[in-house]
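Before we start, here is the structure in question, set down as structure tokens.
Order as written gives the chain letters A, B, C and D; numbering starts at 1 within each chain.
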Amino acid sequence: LTATDQSAVNNSADNVILAGDRVLFYYDARRTWLTRVTENSPPFHTHVGIIKIAEAVGLAYGSSIITTLGCRIFLLKPVALDYIMKSERRTQIVYPKDFGYIAARSGLRSGCKVFECGTGSGGLTTFFASLVYPTGVVHTFEEREDFINIAKKNVERTGFSSVVKFEHTNPTRTERSSYQAGSYDLALLDTGDPWNLLPLASDLLRGSGFVFCICPTTNQAETVCEALSQNFVDVECVEILLRRIEARLGKTRPSMRMIGHTCYLASGRKIKPEPPLENS
Amino acid sequence: LTATDQSAVNNSADNVILAGDRVLFYYDARRTWLTRVTENSPPFHTHVGIIKIAEAVGLAYGSSIITTLGCRIFLLKPVALDYIMKSERRTQIVYPKDFGYIAARSGLRSGCKVFECGTGSGGLTTFFASLVYPTGVVHTFEEREDFINIAKKNVERTGFSSVVKFEHTNPTRTERSSYQAGSYDLALLDTGDPWNLLPLASDLLRGSGFVFCICPTTNQAETVCEALSQNFVDVECVEILLRRIEARLGKTRPSMRMIGHTCYLASGRKIKPEPPLENS
Amino acid sequence: LTATDQSAVNNSADNVILAGDRVLFYYDARRTWLTRVTENSPPFHTHVGIIKIAEAVGLAYGSSIITTLGCRIFLLKPVALDYIMKSERRTQIVYPKDFGYIAARSGLRSGCKVFECGTGSGGLTTFFASLVYPTGVVHTFEEREDFINIAKKNVERTGFSSVVKFEHTNPTRTERSSYQAGSYDLALLDTGDPWNLLPLASDLLRGSGFVFCICPTTNQAETVCEALSQNFVDVECVEILLRRIEARLGKTRPSMRMIGHTCYLASGRKIKPEPPLENS
Amino acid sequence: LTATDQSAVNNSADNVILAGDRVLFYYDARRTWLTRVTENSPPFHTHVGIIKIAEAVGLAYGSSIITTLGCRIFLLKPVALDYIMKSERRTQIVYPKDFGYIAARSGLRSGCKVFECGTGSGGLTTFFASLVYPTGVVHTFEEREDFINIAKKNVERTGFSSVVKFEHTNPTRTERSSYQAGSYDLALLDTGDPWNLLPLASDLLRGSGFVFCICPTTNQAETVCEALSQNFVDVECVEILLRRIEARLGKTRPSMRMIGHTCYLASGRKIKPEPPLENS
């Protein structure tokens, strides 16, 4: 049983864990481990006992193995979000509540072309890659070498890296020949000054393509929304809050703790700018 | 210039509106019209003047035409959400904040197999179809004939209907031969009693596949979360709130009105149930 | 049975409606009427029938009368909030979620002295007056004559007007002799430019007294919080959201509609400013 | 300079710290100390240096003293909330966002009579006492001896204890002669089963008086709201969320962390129950 390069992204009908697969070992919501398994993988020491991960090879996803302390560990097939949550991070990540909304609003799907600036730790890159796979592309720019190296490593193990093109540079200093103007479906701007990238985004996007800007502060949201009114329509700015509910028989209530803020999402759809009408 | 059947889902590099394309005519966020254009399409009367929609054929997406009252109308390429928002609806729709999260959490992407019960007006069906297109499938069940007829019409015009399989029946009364057990990546339960469908969902899903239940009330969330602990792990229940920000130079603030509630999302990942361990 | 001037603010032990009392006639949450009753009050025509309000005189609060259409109308003793909600308004009102927090944070209570700028329709004035009554004072400033006339009328009928001192002027143009410096417990700034009033507020407040600024926009909140760091400590800025829950047997859920924003509340406690320390 | 028993609740015009006063020593929002000062108070050791608290006597509120490490400590007059936040607690406290709303909705003010069950650590008791002071009463019941002892100590030091009447018993087992039926303005139920106390609350309250129930779970909210429809009108259930804003020049944003849930507040106004009308 050996996994091919594509195994991570295959939906194998027989659902069997192959040597070389990455598996999410699940004990409970806070105790999970994501690692590659082979017949020779050394056992893994945890607070709930030793997990002999090599035993997973040949088992079905969804089945379980028992630790040396008698705890049951379930074998789950990781999805993009699991990889993101388990990635090495040096930057604030974007959360599923946020990137799910970006995808849903912009119509992102297989075959789409995405421009991303900057890559950060590659979390959003991974999510976008999973959606445009296998025929689209995520063209991602990052100036900091330490970030891009981490991002590459993070994306590679997900199995989606074939659709990601990393560029270690500032996209505004890139030759126009390095990308096809008017061909991108989504431009994602995750920098401190997204307004400075709007002319480039406008050049890259196909007509009616979406730009999304990740804005941690109200000031950034305000500045970029003003700038968006130039070459974009359907401008909107939203914030999305997720609250966990502890649903238990007879004592259901929201969680006491929640994340109060991640970012504002400012967006628009690219238009061909026109001179103002005489009568307006 | 004639659009083939596939045009609606193509990302044509040249980005030109073909006869037969569906186009989103955009004046402002509240005044948009989604319609199919041909060289013979009759003009469209609106409060901002007559729109000669036939003029759109041959223009690039993102360009604009002028109404008889001198208003500029932009020509946008619709995405799945535009179709959903412009669809005929007899049921409460699920919002992008919610279905974006479902997709992001479950790793939905091209090639995935989705089981949906019930179809309703086909909003979620459209969104899922756009994500699994062109190689996946959305297998959707609806008992009410009036709903399924509307849903079919709604999905057909989006260009994604080739991956949707409609069933006008209650899935629990379906022969097990009509679907492949253990092969679905996501089961979406949008009925009043999702707990009654969990055994079926468990049978359909591949090991570690996701079930998501749309729960308008806290009572449903509580009951289904209790039931989920049987054959699922990583059980969570969340609610997602979206707040619009009116970002304007020097006077930025959240919108006065917002939607206070749509639904709770209860979810889990399918496992192979095991007898309890002796020591636990 | 005749109410004295003080009846509206008395908690009469016998709880009987006196001629001259203001009564809240309650049919359901959306159909209520607040009016003064006497033995000669003319009947009141409503969609649920004619209410013979004169019948209320002599009945106990909490009892009910029947309309000509057979609907039961309950007779409730109005509290400050009822007066505010039923007042004539030309300005955005501050909501109980907000003014309740202001009172709770600042320790407002009987005997306190409040400075308010501006009065608006007198909603906050009424609430503050009810709390400082009978020995405190609300000193409220409003430049617009139409507003102050409405506010006076609104406050008068509540029975708390004896502790309210209206000033039809801009407080920054007021002689310092018109107020006692260092004697106020709370300064409430509800104008477009609260930062311009901070020096005055600082002069008015006793040491460690509270200033609260009502800020509809993020820009105002930002500017005033920066300014507050001059003469105030314990500076905080909050927003408060209220969500209604429709609690019903077996189908409890939050309301679909909610108010997404009213204002930010920026506050601080007055200190005696000191020169910076050498070592800091 | 010696404070009388009443000093803590006096608003002394001259605003001078008297021996015996309780003072809030403020360094920053997270480093504050509330203690009684006399000319003989021993110095207080902190991470920002030794505070010679005896030096505070004779200074004005709002002024400051310097620690041995050269840090400036401001001398603030504590309000009810400061006492609550600094109290010894064995129970979950109710937050100002919540109790401020209760006061604002119910019209609580000087002279009102409050029934509270149970006392817990006395946080709400303190807040209510400060509002009804000096002529009202808070009649509070608690079955657990350890709680009531803590609550007594907590309330005593606030200076408002003269209006609080503690009862170490279950109020439903109390002789009806121990309270005056129909005389209370507000009944506050903070127990696990508030519905069982509604008949008593109804007996205690004056007609159109308010009952408020603190409900941590949706189940409690649902049950008590159903029960409220018996003897109460204007039934509502709300939850209140407070979000802190970090307002800073050019980089304003909400706090990343927030409290996601404290409780639901279910309330109603007491009516005299009537037989159903024939035509309804």
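By definition in this document, contacts are C-beta pairs under 8 Å (C-beta built on N, C-alpha and C of every residue); 3 or more make two chains touch, one makes a residue touch a chain.
Keep in mind it's a predicted model, so treat the numbers as computed, not measured.
Colleague: Chain D and chain A are one sequence twice: same or different residues at the contact, by the over-half rule?
Modeller: The interface is built from the same residue numbers on each side, given that over half of them are used by both copies.
Colleague: Give me the C-alpha superposition rotation for chain A onto chain B, in degrees, nearest 5.
Modeller: Rotation angle between the two copies comes out at 180 degrees.
Colleague: Which integer distance in Å separates the CA centroid of chain A from that of chain B?
Modeller: Those two chain centres are 20 Å apart.
Colleague: Using Cα averages as centroids, what's the distance between chain B and chain D in whole Å?
Modeller: Their C-alpha centroids are separated by 48 Å.
Colleague: Rounded to the nearest whole Å, what is the centre-to-centre distance of chain A and chain D, using the mean of the C-alpha atoms as each centre?
Modeller: 46
Colleague: So which stretches of chain D touch two or more other chains?
Modeller: Answer for chain D, listing residues that touch two or more other chains: 218-219, 222, 243-244, 252, 254.
Colleague: Which part of chain D faces chain C closely enough to touch in the complex?
Modeller: Within the complex, chain D touches chain C at residues 11, 13, 15, 24, 26, 29, 60-64, 66, 70-72, 74-77, 79-82, 96-97, 99-107, 109-113, 127, 130-131, 133-135, 180, 182-183, 185, 206-209, 218, 221-222, 224-226, 233-234, 236-249, 252, 254, 264, 266, 269-272, 274, 277-280.
Colleague: Which stretch or stretches of chain B touch chain C in the complex?
Modeller: Touching chain C: residues 216-219, 243-244, 250-262 of chain B.
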